[in-house]
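Before anything else, here's the structure in question.
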């Protein structure tokens, strides 16, 4: 019979029980402060994922071997804490089943749910924003507070890469974290910084979170809270190639598909790179 | 010196203390279920308001005489109950100051705040949806519950015009209300229905709420939850010309400016008609 | 565990074997003459289908009872005859399994494939175009030839509703068919025409095909070959309510989602109406 | 050798010297008050003109016989009076050569140039706006003044169809003209009004100008100054079928292609109807 | 009472009399040669300004201390010389009141008005275009002539950074100016060039004008006359950080918000950097 | 008389018989796998070509001297082999007439037609994709097979610049070709690679083909099959400046104008650079 495409992530052809990587989307943007639309991020990433080949020439690796399952999009409530709890619940199940979750956002607050399922010792996040506020918009579960919440939820060491925006209080708080600003990445080079981060991780468990706005909005403008003067998609690729294989969970958040598709294309490509890099380092 | 345009509603040149009509926007769409973007409704309505003449030929009336003030957009929280409370607070003030509030949405849940400031005996709403759910998305303050909440908040008689969507339970609940479906409007004609509604109001106080999706989405597609097979903008104009002058408060909600501007243009024009019709009947 | 949305048609929750209605999309627009993009029609229709309630008040019917399955999108080739053959193959299987196919286009040439699986005696089509050309763009499988091809494939009687465009030769050929032009529908009224069509069908088997461009492009502009001065979505609703229950197969083609979503919204709503009307008349 | 499409109006295949109808575009929108973009109107109309068949079934007429030439787009200056003079110069030439000009706008002020080349006794204009201001934006050549300027340039009798916007002074001035407001068209019906206009024209020379915003912006929202509550495209079609054959010059202005293409589609279709209707009445 | 957002530039909370920096917009694009829409630049810049934090980490500076007032948008005429005169008048007043004007365009011709109010000895402009024409589109006030006009109006020394487009005559004229082409910036590096410019300014008065198209249109495509192969937003940031503190007036022109928002985001961010850098160097 | 713009490539003012460079567009995208719309590429490139000056300062050259003719757009069939044959036929004629063809795509498969007219010994192509498949979508004429087809059609030596996508089989096949991946260009620098290619060409005949997706989709996102992590527009400019003058035929394919115009702007600018560089090296 004919072959049908089910609108899920390309090459996510493995049944849940046999899969190593489990993708799900969280189409929630209820606390977004500037521009709504990250709810459409997961499906935009899925759609453009069909644009890419199964074969990754830099890795000599074919993605259809990886064992990927895509659960679809979580049905979301209107209230952020309910969404975060639902994400935690499903991620816990994925962890219990011995699989690696890949969460597609949606707004960054969602990361708290998937982080809680792991409470990894190290939290590595690429983000234009510090996301270290105590609360915002009358709720501590706003996307502008997520790295603060993750810290409170147990991260022993936090690495923020590409940041260039925060309040004075957030910058004060960040002094206790490892902050590599966008200007710092440009000056030192991403390789040097990744050497340092790898050393500091020192074998501890890692959660890796990509906020799409880490990348300069002149390169990828499909964002809910765009910031220019950021790092490049090449920098984030290096982060994923180096830190990805160390991670027990991964998310890619805040894609807001209002551009010509480039922001989702970078996301889909980097998620594919994450799987390939992770699989090669960990399984072979 | 030069004349500057301040991006507020056209002809809203009267200082607050002298104004008869007080406009404010509520750029909140946190519980929107389908398409985000009604947060941009208030400013889209304001922008296109400059497209229209001060003079309304059907009324022989010049809007600059009306005494209009525009407060701008309320700074909104992420949580619907907080937004609703803030709307209630400002609307109470406007009422206390003896003025008529005109609220620009934003999602329909906001109406609960401005209604509470008046607790009008009659609630007249144009809407594609019954909005009579007990709760939705884990919150009773979802925009799909607003007419139910208004009923609980004290409306003695509710008139829903143009509805064509609801659950079986909502239709059950609606049996206690005055429901004029879109098909009913087409069959009976809006004039006949407005005669009936006017009779039933019988001099009691009225809150008039327009959900932009009452109008067929083939005519005005800039909507968060579009429904075809609706009533026309001519029908809503008749509602505003007949019921508007009876109202002590007015809102126009759910404009989501993703179209070529026609939905906001209808909104701006009808808000101007509301002011003219209300002023002529009440002040002169 | 959490509930996930799989990006398929809303309420298509029934497994294939238990389903009465089987939806599939054909994202093909390779022969489109004017504006590409109908390949995105099936997913646009699916997305907006979640905007609608399960309960249809006019029918007092809840769609989740209907038994709907959505196969997803057929993987398509670049060559129209290959696509048409693949559509025929899958539709034959659906027919053999005793189910009603609902095909989402994609361009109108696809209809030939699903028609061939039934060779219904009567072909009822709403279309702005006669689609009666011998060939176009060097191929007989162009979307501008589809009603001609269906005729050659065995339709004994063809009813074209809403047409307003064709060559002189096509109008010559149409003299042997039942042609109700858009102007004719406006003058006689759709009810009178549907009475006549029902009489002429006289119990014979029916294939019902909706080309979205039958509706005036001022109402639903998301079209590959837009034509103004057409029939309304109310007219097509009447066609579906009357002829739908008589049909053994149904398709909705040529939605090109370049507008604010209204064309896909009408399609999704009418597909839901088709299922409800068909189910009520045939199963109860 | 191969056939090439030259991006000019469809079926405009006749050399200038042999043509009966001469199209040219004026991509100027320098005085537009609300939304820029009518400069893109002429090419949008040309592009969608290829979407339509050469054969017009209502007329039994094939447009390729008409003798149409398209000069392309006039190179425009930044200053309105210079643009108007250039339009006058080229239109004079077309008139001297015994041909009918068809001007594609661009903003309505351009009409003054082509009108001056004819100084027709009657000026029939479909427009949402009276366009009767003395001056606007510091210039008498603003598009909001065009019908006033045409009056001063010699029109003995002016017929405005579909208007619903103007200042009090403009409405005062309009008392000396024949004004059929949009509401009036809805009440009396366009046929009755066209009977009256035809009687009043009484064989005198006619210039016919269509401002695209005469049509309700809910039907055709691609406009520089959109107005809801207008007449329909069917009304304008009737105007063109009745008054078109009497005209010695014709223009279609103010298409601003920011919508899904429906406004340009209506324009292209109506220009084709103008040619067919004019040719049939005058040449055969 | 509640806090309202008035749609003006973020943090422009200081009353005029107390302000040090006075922003105003000039929504004029009447002479734009290629793509209309820079009239929407000022409001697009204002809107995205709310996306940024008050705190600028590189400066350790909080913008709410700066003393900023936003007058709104100047009401503009249709004729460029009238617009330029109005800009001159209001800028003179701002200068007389001892404040720094920040003009938001709108097209580049507007700069002539604000320059005339200062007649600064040095004119530093980032632009893809030389803007040195004698006249264009029949007017010497076209945006393609602005640097020529500024020269005639008294600039003793002109520095053009990032240019890559002009006529042969303009390049001839430019030999008397300081021209740093985009290729030159890439080769020498912006720091070296800024050292040279600073030396040449030698304490004289400076007007700083940014034409948004100086930046490569692959980075910021929201432009009326886009040019690839330009300088980067990092280069312009360096210009503003070095030359900004020396300037007595500043403008940011030609943002045409047809992209995903990145061009306006860069503009808003750089205007904020201008204020911070200027304030820190001059006031502290 | 007035000057008219005919919507063809800017400065293409030379009659065919006198022209040295002959442009034509092929608005075909029938086999495009991901995103339709490259059919609109040729006209988008033409439109933005008017945005650029005739004078190219880097060359000290005025393009109006070059002798350029633009035939317009080829009328295309629905079937790729028919389109390719038509392209071959017209390109053969251009070659026979001693002129240089410049083909504007449309999809990359079109290149086979123009290549066949020359059967150049060397084929230099910038492309994100290897395009070396045996067949795709059931046809060997798919755009994903074009470099393979060109190889079979006689190219002795093939140089692929900027590739980063292909199947394992394509990478196997590519071992016999000269492949300079995007990463390789970044590492070695384009100058070094162009030195090597120039040496290898060694005076043999060259066909130069630019697939717009060679450039990183973060820089130029208007593409049918976007790929991030590509080469830059500066790299392609260097290719054109170095290899362009050696070419006997040139094409620029796969521009899909869904972005803010930057992809077409780069294309138009580079086509102008091709003509200038070619003319200067070959004619002077």
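Here the chain labels run A, B, C, D, E and F in written order, and each chain numbers its own residues starting at 1.
The rule is simple: contacts are C-beta pairs under 8 Å (C-beta built on N, C-alpha and C of every residue); 3 or more make two chains touch, one makes a residue touch a chain.
Since the structure is predicted, the reported quantities are computational estimates derived from the model, not experimental observations.
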Farthest chain (mean CA position) relative to subunit C: E
Averaged-CA centre spacing for the pair subunit F and subunit A, given as whole angstrom: 37
Averaged-CA centre spacing for the pair subunit F and subunit D, given as whole angstrom: 41
Euclidean distance of C-alpha centroids - subunit C vs subunit E, Å: 55
Residues of subunit B engaged with two or more neighbouring chains: 219, 259-260
Overall pattern in which the protein chains touch one another (line/ring/star/complete/other): other
Every chain pair meeting the contact rule: A-B, A-C, A-E, A-F, B-C, B-D, B-E, C-D, C-F, D-E, D-F, E-F
Contact footprint of subunit D on subunit E as seen in their complex: 29-31, 36-37, 39, 76-80, 82, 136-139, 142
Parts of subunit C lying in touch with subunit A, wherever the complex brings them together: 1-8, 24, 43, 46-47, 71-75, 86, 89-90, 93
Contact set on subunit B toward subunit D in their complex: 48, 50-55, 57-58, 62, 219-220, 233-234, 237, 259-262, 265-266, 269
Of all residues in subunit F, those that touch subunit A in their complex: 33-35, 164-168, 171, 181, 183, 217-219, 221-222, 225-229, 258-260
